[in-house]
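Mind having a look at this structure? Questions to follow.
Labels for the chains are A, B, C and D, by order of writing; each one numbers its residues from 1.
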Amino acid sequence: MTATPAGTADFTSDELMEVNAARALADATTCFVGIGLPSTAANLARATVNPGLVLIYESGTIGSKPTRLPLSIGDGELAETADAVVPVPEMFNYWLQGGRIDVGFLGAAQVDRYANINTTVVDRGPDKPEGRLPGAGGAPEIASNCGKVLMVLRHSTRNFVERLDFVTTLGHGGGPGDRKKLGMPGAGPTAVITDLGVLRPDPATAELVLTEVHPDVTVERVRAATGWELTVAGTVGTTEPPTPQELAALRALKAAGKPEQPGKPEQPGKETR
Amino acid sequence: MTATPAGTADFTSDELMEVNAARALADATTCFVGIGLPSTAANLARATVNPGLVLIYESGTIGSKPTRLPLSIGDGELAETADAVVPVPEMFNYWLQGGRIDVGFLGAAQVDRYANINTTVVDRGPDKPEGRLPGAGGAPEIASNCGKVLMVLRHSTRNFVERLDFVTTLGHGGGPGDRKKLGMPGAGPTAVITDLGVLRPDPATAELVLTEVHPDVTVERVRAATGWELTVAGTVGTTEPPTPQELAALRALKAAGKPEQPGKPEQPGKETR
Amino acid sequence: MTPCEIKNTLVSILSIPTHGVTMADIRSLQDAVADLVHDGDTVAMEGFTHLIPYAAAHEVIRQGITDLTLVRMTPDVIYDQLIGAGLVRKLVFSWGGNPGVGSLHRFRDAIENGWPRPLELDEHSHAGMANRYVAGASKLPFAVLRGYRGSDIPTRTDTVSTVVCPFTGEELAAVAALNPDVTVIHAQQADRAGNVQMWGLTGVQKEAALAADRVLVTVEEIVEELMPRPGGIVLPTWVIDAVSVVPGGAHPSYATGYSTRDNDFYQAWDPIARDREAFARWIDAYVRDSEGALTR
Amino acid sequence: MTPCEIKNTLVSILSIPTHGVTMADIRSLQDAVADLVHDGDTVAMEGFTHLIPYAAAHEVIRQGITDLTLVRMTPDVIYDQLIGAGLVRKLVFSWGGNPGVGSLHRFRDAIENGWPRPLELDEHSHAGMANRYVAGASKLPFAVLRGYRGSDIPTRTDTVSTVVCPFTGEELAAVAALNPDVTVIHAQQADRAGNVQMWGLTGVQKEAALAADRVLVTVEEIVEELMPRPGGIVLPTWVIDAVSVVPGGAHPSYATGYSTRDNDFYQAWDPIARDREAFARWIDAYVRDSEGALTR
């Protein structure tokens, strides 16, 4: 995270990524929100470009309006501020599979050129055991059933890989038409937003193409951080730096995300019951 | 309905049927209750032999404790007095199919010697259209999935038929073993309680056999009211007449079942909105 | 470049097309029915004894919307009226009686005598119907249950079949999903944004609504804020097309917290429905020419 | 013959054997765990972030009940502790992280290095796991979903397969039912009869409980009467085997209305779990030898 000056405000590349991810939700109506960066982006969108955005968390909350960033998808405030709370099976069956959700917002550990995702295991070399990642969570069906999918993750050759060690969640498979062949209702990933810029699938090939870079980021730097030979759009745009309002909203959300815990134990291990 | 004297109390054959049906629930723990006679019996059981009986109605109520006989399975009091109210799909999937219910209590339009049930259509002769009955409702799966099934209906050759015009709900099929072959979890009908007596399936043949008659009812009268050649048990018992307590409880339930309607319209057709 | 201009630029660069999600309109029942219910539609008016949307059905009768395929677990008096009015081509159901009273005479007359027109049937058990709605809400083509075993029902419908469990080899019943063109329900309350809350017996209304292409909800009243209720189900505005305020719109069914079931009406319906002319007079007097008809 | 004698006679004539339905016992956590959880059992301790039954898991650790197959959508720190304590043979799950913090290090150490013992995995997506519980609660052998498409997950499990819709020909995913030997959940309240109510995020607890052979519920408190709550789920006493009163029994998870999530604990867990010795010291200090251990 290097601080980049921009007019009156200093901001980090992470902040720019988060702001861009929020902006991508400007026209969304309902968003299935993964925890971490997607949750930051979705909550920032509600505080800036899209106050009416309906946030849906897999813990069962529909229309959550948290005032601070939740640490987990099951923080109490998500339920307390929701329009409706439903059981988890209903969430996945009636709401997600039921085609009710406009945008799925996902993170990833590894992504390939077709926006396929690995969050299961990584190969650490012939003499070492597989490295364990958290697993699928809701992602395979989020990516399949939401109208569109946005992804947000940091850009490095560790994350943007030539070949996934495991396909947890299908993005565009091996090219255009693969989703359709598999009977996946949604359009799949439409943008991958990183701390260096934005990649989008080429409609002809479904391959991720660099379409925007952040201010002061060169195309060469993005190429170097990408594990495959990156295709670059004919015209590469530059994303707008965060406005002071966006930055203030983002920082306020994050500051509010670390409240004093009521009944906070003196020792980390101490249980209060 | 002929009034039959019995000690100090007069009672009808219907009342005796209802009292006997309630007694059959003495050891039951949970009962899936059809509307009509089964509901009368189950509510009377709660008022007499089995105050702890858990009444379950297909409208979604678990543990209803109505103070008067509900007219429909969705009367408000069923929900207001319930331990839990669940959506209808949950009722059929988790509770009934889930094997949670001890006794299913059914009525019937036609029953055959194997306690199979028709509530769909009746053949009214070659020149006439089929006569229409209400249909299956919950019965096929109640009869399949409850631990046991009790039936209550009035005894006549119209109801107790040699051959059903339509099998809505399987009782014992064509004999012992048929339920098992079809993979039906519950034991099926164990008693058919009528206004003349009680029939039970012979364990060897699964055929309904007359095991008890009501006081002052002859075996011949039951034979004459049965549309097949009725098998009679070696010893036919006589059911006990209603106790004064049972009769009082039954009549109180029925009287309470006809309350003054709040906002009752002057004309039957007048809508109050 | 002002922040607003920046926003607009970025929206054009980064935004994604919306998925067609819109808020419910709060509008008159007359307009809502005219817009959402069309000749030939498959319509589910649900409510398991409780919250049956009678007022909306009466508006369908007034507008003469016809050739309907009606879907309901328990047709009840509401469908007896629509069938008797000659608007129904086909009925999908599982139990067709007047609860606690007896037969539905208009339903029987249509099936047995084709009056006022023949009525095609697709008949199931309650468990099957409930699961057909679940499949519909889940956007699955079918649902699985351990049902219909030994029953003749599957001989009279093409929407029951079987599947074999790939793990155990057990053969189970499969029922085809129900996805109505329109689902109509009655609820206690909506807020001004069109979010709806119902409570008490909630039956299969959530499934029926989420399975449908279009959803119309009549409500007892509009409130400033929906206060969460025990047993309450909230349907967010963006799954609903129109909300119409119709106090008492479930009569002779009821709305917990607002009214009680008019059991006398259900009993009084029996002689009315037994007689074709009495029925016609009742529909004219209390539906077609009623005061309510003029003000809605 | 007295009415009571009559009743007894009639019971013997007409009664039917009970289906094995009994009321829940209210008893100490120590006794309940000892009776209901056995070596080698398949155990689901559910609670989606909210109402996670930590106290019961700690009692399992104290009693050294081992060779468990643990089932949970999100193993969370609760299973990190059981895995690190060496009691777990196999894990059935869909997302194994410390929510909002990072890895579950005991879970990773067991999988990557077999410490303190190898850990077999049966891995799914959330949608798959949720539907496996639904099938279990419905006593169906499998559930159907439109899932796992294009994913490698089915190559590593024998509990995902396919079925073909008999109506449309579409191939869909089938997942095998989950029917744990024991399900353990935490709820806010029970009444003296052992009926239980929970509210807030209720996750898959109803399904997990109804899918299991045995059910243990820890509660914040016993109340005279369960007052229906918005969003409340009631499990009647006759589907529960034992209720144990354990105030704070979900800590560091939480119980809506009683406590808030101890996010600091989740963050503090990371360095403890990273280090095998620090973990062992923590388990000894706060679980095995804790005051709570003696009083329960």
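Here is the rule we use: a contact is a pair of C-beta atoms (placed from the backbone, for glycine too) under 8 Å apart; a residue touches a chain by one contact, two chains touch by 3 or more.
Please read these numbers as outputs of a predicted model, since none were measured by experiment.
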Intersection of contact partners for subunit A and subunit D: C
Minimal step count in the chain contact network, subunit A to subunit B: 2
Chain whose mean Cα position lies farthest from subunit A: B
Inter-chain centre distance, subunit B versus subunit C - centres from mean C-alpha coordinates, in Å: 30
Distance from subunit C to subunit A - Cα centre to Cα centre, in angstrom: 38
Whole-Å separation of chain centres (CA-atom averages), subunit C against subunit D: 37
Residues of subunit C touching at least two other chains: 134, 138-140, 145-146, 170, 206-207, 231
Sequence positions of subunit A contacting 2 or more other chains: 93, 97, 185
Each pair of chains that touches, named by its two labels: A-C, A-D, B-C, B-D, C-D
Residues of subunit B that touch subunit C when the two form their complex: 35-36, 58-61, 70-76, 78-80, 85, 87-89, 91-93, 96-97, 116, 120, 129-132, 134-141, 144-145, 166-170, 173, 178-179, 182-185, 261-265, 268-273
Sites on subunit C touched by subunit A in the complex: 1, 3, 6-7, 9-11, 13-19, 21-22, 134, 137-140, 195, 206-207, 210, 233-236, 238-239
Contact footprint of subunit C on subunit A as seen in their complex: 20, 23-24, 26-30, 49, 54, 62-63, 83-84, 93-94, 97-103, 147-148, 150, 185, 190-191, 198, 212, 237, 239-240, 243, 245
Complex contact set, residues of subunit D against subunit A: 48-50, 54-55, 73-74, 93-97, 99-101, 103-104, 107-108, 111-113, 123-127, 130-131, 133-134, 145-153, 170-171, 200-204, 206-207, 231, 246-249, 251-252, 254, 256, 259-266, 268-269, 272, 282, 285-286, 290, 292
Subunit D partner contacts - residues on subunit C that touch it in the complex: 138-146, 159, 161-168, 170, 172, 174, 176, 228-232
